[in-house]
Amino acid sequence: MNSIFTEEKPEVLIQEDGTRIDGRKPDEMRPISIEVGVLRKANGSAYLEWGGNRVLAAVYGPREVHPRHLALPDRALIRCRYNMAPFSTEERKRPGPDRRSVELSKVIREALIPAIFVERFPNTAIDIFVEILRSDAGTRIAGITAASLALADAGIPLRGLVTGCTVGKIGKWLVLDVGHEEDMWGDADIPLAMIMETQEITLLQSDGTLTPEEFKEALNLAIKGCTYVYELQKEALRRPYVVVEKEVKGEV
Amino acid sequence: MNSIFTEEKPEVLIQEDGTRIDGRKPDEMRPISIEVGVLRKANGSAYLEWGGNRVLAAVYGPREVHPRHLALPDRALIRCRYNMAPFSTEERKRPGPDRRSVELSKVIREALIPAIFVERFPNTAIDIFVEILRSDAGTRIAGITAASLALADAGIPLRGLVTGCTVGKIGKWLVLDVGHEEDMWGDADIPLAMIMETQEITLLQSDGTLTPEEFKEALNLAIKGCTYVYELQKEALRRPYVVVEKEVKGEV
Amino acid sequence: MNSIFTEEKPEVLIQEDGTRIDGRKPDEMRPISIEVGVLRKANGSAYLEWGGNRVLAAVYGPREVHPRHLALPDRALIRCRYNMAPFSTEERKRPGPDRRSVELSKVIREALIPAIFVERFPNTAIDIFVEILRSDAGTRIAGITAASLALADAGIPLRGLVTGCTVGKIGKWLVLDVGHEEDMWGDADIPLAMIMETQEITLLQSDGTLTPEEFKEALNLAIKGCTYVYELQKEALRRPYVVVEKEVKGEV
Amino acid sequence: MALEERISSTLLKEHLLKLAQVGKRKDGRKFDEIRPIEIKEGTFTKGLGEAWVALGKTQVLTSLKFDVGEPYPDSPDKGVLISNVELLPLASPSFEPGPPDENAIEMARVVDRAFRGSDAIDLSKLVIQEGKLVYILFLDLYVLDYDGNLFDALTLSALIAFARAKIPVVEVGEDGSPRLVEGESFPLPLVDYPLSFSFVKIGDYLMIDPNLEEESVADAALTLAIDKDLNICSIQKRNGAFKLSEINKAVDIARVKYPEVMEQVRKVVDIA
Amino acid sequence: MALEERISSTLLKEHLLKLAQVGKRKDGRKFDEIRPIEIKEGTFTKGLGEAWVALGKTQVLTSLKFDVGEPYPDSPDKGVLISNVELLPLASPSFEPGPPDENAIEMARVVDRAFRGSDAIDLSKLVIQEGKLVYILFLDLYVLDYDGNLFDALTLSALIAFARAKIPVVEVGEDGSPRLVEGESFPLPLVDYPLSFSFVKIGDYLMIDPNLEEESVADAALTLAIDKDLNICSIQKRNGAFKLSEINKAVDIARVKYPEVMEQVRKVVDIA
Amino acid sequence: MALEERISSTLLKEHLLKLAQVGKRKDGRKFDEIRPIEIKEGTFTKGLGEAWVALGKTQVLTSLKFDVGEPYPDSPDKGVLISNVELLPLASPSFEPGPPDENAIEMARVVDRAFRGSDAIDLSKLVIQEGKLVYILFLDLYVLDYDGNLFDALTLSALIAFARAKIPVVEVGEDGSPRLVEGESFPLPLVDYPLSFSFVKIGDYLMIDPNLEEESVADAALTLAIDKDLNICSIQKRNGAFKLSEINKAVDIARVKYPEVMEQVRKVVDIA
């Protein structure tokens, strides 16, 4: 990493009264806008703006599996590629998968599979592509949120939409929908994704120390965030090709 | 690139009277010498010296396609690899394809395909290898010229030989068969290849600004050069295993 | 290679009376200890300590060949991977094969194949893995010695065990079982492996100048070393899961 | 290509050829008519300049990033431009993940050549310390939705991204290391505005801006770039073969089309 | 997966599920019982600290190496830790030679996260010249024999390797180049001792430390790490889905198990 | 290997074996007879020294290039030699494009070892600034036409390329950067002249310089290098197994053949 792109840590990430560095309250989300069906060639697609994130998700399939020997006789093969565009970051990112994107491709795939009726499409592949065009903290849960809409847009039968949200810990505060500086210098970071219809958690990661009490509170807060995002997802699906945009000023 | 191999730009590339930096007149070719059938294992081969270029071309096929799924049911699969030897350049070149050689492999293949009766050999592969042993400007058209002889030497039915030549622009001059310094510091560079029998252009590239008039004149000059090279090609084929050498002192 | 890991060449590698830098006599071996069957998942395995070397060998097979087209209709396909662990050397070694390990994988495979009744298992693969956990000169012959025990442990029919040993030249001396400093700064190095039952040489390499007389003497000395190691191998096989350890203080 | 595909490909070609014989194209365009161009508004990347362009149903997103580093030894007084095309697997069922294939590499080099051939960017203005430190520009060309004629869509998006680009000012500190001068930037020194025009030949008919169907059955394909003085600044014959007269005709059409497309560019960026 | 494999997998799952319904596991353990841990004695590598650990029939060997180099620009006052997992082909018929696949990469990152999440290593003590020269630590995690639950075995072996590690003292000579100070070293500044606990869910039954058979038929899997204050310092849900209550239950069990495992660690290394 | 290939291979082996039993080889040579050597005249590369050598129908082209760079830390007073073999796909239907496979790597290392084992090149003469700047020599060995026994052809071509090589003089300017001294060069310090001799065993018959057919059915193969004092400077047993007596016999034959081949080398280069 070239040092000209190094960022300085801000002195204060959150004020005594809970005001966050970007002015949000602890449980306030960033603006979200969703558009379903933005691509013509893909079987399903969705474009998502979430804070400064710009995410494009597309789905191909069910289709033939190449190479053939990867096909599963009792269910669809689900493949997922999470990719950061070279221009998505402050310093240009070299194209091609790095270790982080390999892990994220795996956890996103494993977050989506439980929602898909994979047994209905034996011997086929469903390919999910998540492109991060612009990254601003929370790309994995933004990616899951967009990808589950792309799956729905492709007409793939789902147990429910998968919805993601992140909670962070900053000093004594738990904050909803972690922003860029909070992601870089916060004390803990918990992304979570859920099938809202069944209340099953399909993605959960955590990095940073939390007491058992903080942990339970964090999960509840993340689920609150998901509940809110889920409404936007449903709205976007009801009106395909119409942009659903929400700037959340109040609390969730 | 290590700076010890950096070359200095000459003060003058072409004199007022049209005398070029290597002493040639604007429409004068470099010496060319051709030998067909130089390799034993290949089905066809040709070795070409053109100015300071040394080019070896070989052809294998029609033969079985590996991997099988690449086979085309209605015609031969034509593959081409253009490769610069590590010792072909002033500074040693790392082995393996770079972006330039990937592009040149493609344009050379596309320059040769129109001359081959591909539909006569369905489900087979014809592999063309062009090795630049020593490079001195104009390797792509030298490679095409040698490769089409290797195809003929392999007994592959052709609509005609493919013949290449380059034209450059240096200040107000258009010059035939661009040399090393002209290639590096000239104003424009137009390689062209043609099936002489049918007068079809199968390779055409251009880099540098030309007025429409210059452009037309350049193409005509390049075709003149091809006409000359074509005679050498035919001579080489008539006397296989005998070296055909021409040092052109006068104009084309 | 970072210079902080550079070793200094010792002033004297061997004294006038033949005492070697680690105190051994010219024909004295380093301590060896062998354990067969150390791994559960592999079909056969062996762990070997030889001087400061730590070597783990494992065998899978005969088993199905992937990819299928590599299968041989008249015999087993033998594959071998020799690998140095990143922590096996003074300076950390980057994971993945380098040119040296590619060559050693090949010569180890070719040292083992003559001992295996490959024709009894057509269309199958036998995979041999040699992991150098800690390297201290002579890893290739230690690897062969361990791998042939792993083959035996896997129940693969053998013409005999393959046994390895190394001879070095240091000034006027020929020394048995070359040590680390002798390997780095000695004048010549001859690893040899043999099927003891048939007295066939299956590995022989040499690096450094030897007169024909020295060469013959060196081979004889190496065979003496092999004869000794062979006894330890047999002992280890007779008592599987019991450690066979020998610290050789006297001469072979 | 499976049997059904070959049959449908043969039938498609016959159909397009019949239409061509009566001067028509399947999507209703004339031979020399370019599909509608749409330049999206918004911020989609972290680039210095960017453009999301739709050409018919083809969509591309191009963005320019920078770094600083050493110049090439043979041009110590020039900045560096590196162009990269990614054929994203979400853009087409025929694109696969992985490093750029020969098509992506050719495209990147041809787009790049349009700007180099016309000396469109004054790279000598991108030097921080001569021979030691220069701007390295990365032009990343992202294909999002593939319905034919990527060359022209990519070159167009690159031109707009260049025209919009603001380059942060970098200075060298007393310790010799580079640092950004907070809040200062300058426009990319863009001195020419090349545009690319691609043609296919189906039978004997030359068509501009081919869509995917037309490309898939074309007998030959050609891309050329025209600069602001209507000169030719790059050419790339791709598959197939052309007669000399066809090439000259393509040049003539492209020179007529240049002002037409440039007018749309001028709606979104302020270039002469 | 061939037909026979699928049948045997289905039968195995039915069998494990039936056992679970009466509170049993195939190898006789309780749901919250960890397999025997063995920490081998001996010197197996050239690392600064190492551990060969068996967890049931799973065996791993972890060793720590170092180099010196530049710090990351955004943390000029910290040493660097790089973790790498190798799923050696000798450990399992399902592992193949080659660069780390997604499983190995996930493992390396999850093991690494347990130590980073708990700030277990004081990286600020691994600086030689601030902003210029720091220790680069390489944690190489080698899987030798694979019978399930690599995450916990690897984290355990890493903890012991860290606790045993002695770092050679490096100084910078007058010519500015680093050199070892002969015979001098210091213990790795290890200030926390995270342990990892993995669970699978078969049907509705949550089991700790799954073996390979259990992993192969599990409906869901989860790994979490607990620090010395019994706080949660990392989590990774892997395949499948969990209810909130199941996750909370796994946390509770892991916090009970931590002292039990730590007791065994303390037998071989001297940590608080 | 398809069925027909196996049959023809078995028949070929039987045929070669029968000939061997009456002291013959298929191409008419004696067991200890080397194929004709031809060293082509001309300039084929941009190397410092080069050789296009035909050994029977086998053809190789070897050329030596240089760069300057840092020495290895453990030999700061020596230049660097890097050897690389390319099995070009035009040389044989069995060679495929791509990075060097195990055969190419083994060849490069065995050729290299012949010169290192005999200390043939005085690398201490290739230092520009001790510990800082040395010559890096690249020996690129190119296989053009493959009819067996590449090891000996490549070593021979390397020896001639070395013997012909002129090294440009490089000096370090006042700014510390290296530059060529116009028009000045010195011969590569070549102080020994190793040659390689390869043998195959078909049945019990040992044959020198095997052609492709002989190699394809050989029971065992061996390559050794002899230096100017007729000492053994490297050995590589390849496939199969040898008796001790067979190895000693190969050494004896090679020592007899050395002067014979060296005579041909001396025709084209001026070495002692």
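Note that the chains take the letters A, B, C, D, E and F in the order they are written out, and that residue 1 is the start of every chain.
Here is the rule we use: contacts are C-beta pairs under 8 Å (C-beta built on N, C-alpha and C of every residue); 3 or more make two chains touch, one makes a residue touch a chain.
All of these numbers come straight from a predicted model, not from anything done at the bench.
Graph distance from subunit C to subunit E, where chains that touch are one step apart, equals 1.
Of all the chains, the one whose CA centre sits at the greatest distance from that of subunit C is D.
The greatest centre-to-centre distance from subunit A, using averaged C-alpha positions, is reached by F.
Look at where the CA atoms of subunit B average out and do the same for subunit C: the two points lie 52 Å apart.
Averaged C-alpha coordinates put the centre of subunit B at 58 Å from the centre of subunit E. Note: centroid distance subunit A to subunit D, computed from Cα atoms, is 32 Å. Note: centroid distance subunit B to subunit D, computed from Cα atoms, is 27 Å. For subunit F, no residue reaches two or more other chains under the stated contact definition.
In subunit B, the residues touching two or more other chains are 2-3. From subunit C, with subunit E next, the chains follow one another around the ring as C, E, A, D, B, F. Those residues of subunit D that touch subunit A in the complex are listed here as 43-47, 50, 57, 59, 61, 63-68, 84, 86, 88-93, 97, 99, 138, 140, 142, 144-147, 170, 177-180. Residues 1, 3, 6, 72-74, 102, 105-106, 108-109, 113, 116-119, 222, 224, 227, 229-244, 247-248, 251-252, 255 of subunit E touch subunit A in their complex. Within the complex formed with subunit D, the residues of subunit A that make contact are 2-4, 39-42, 45, 54, 56-58, 60, 63, 81, 83, 85-92, 95-96, 127, 129, 131, 133-135. Considering their complex, residues 1-3, 5-7, 72-74, 99-100, 102-103, 105-107, 110, 113-114, 188, 190, 195, 198-212, 215-216, 219, 223 of subunit B touch subunit D.
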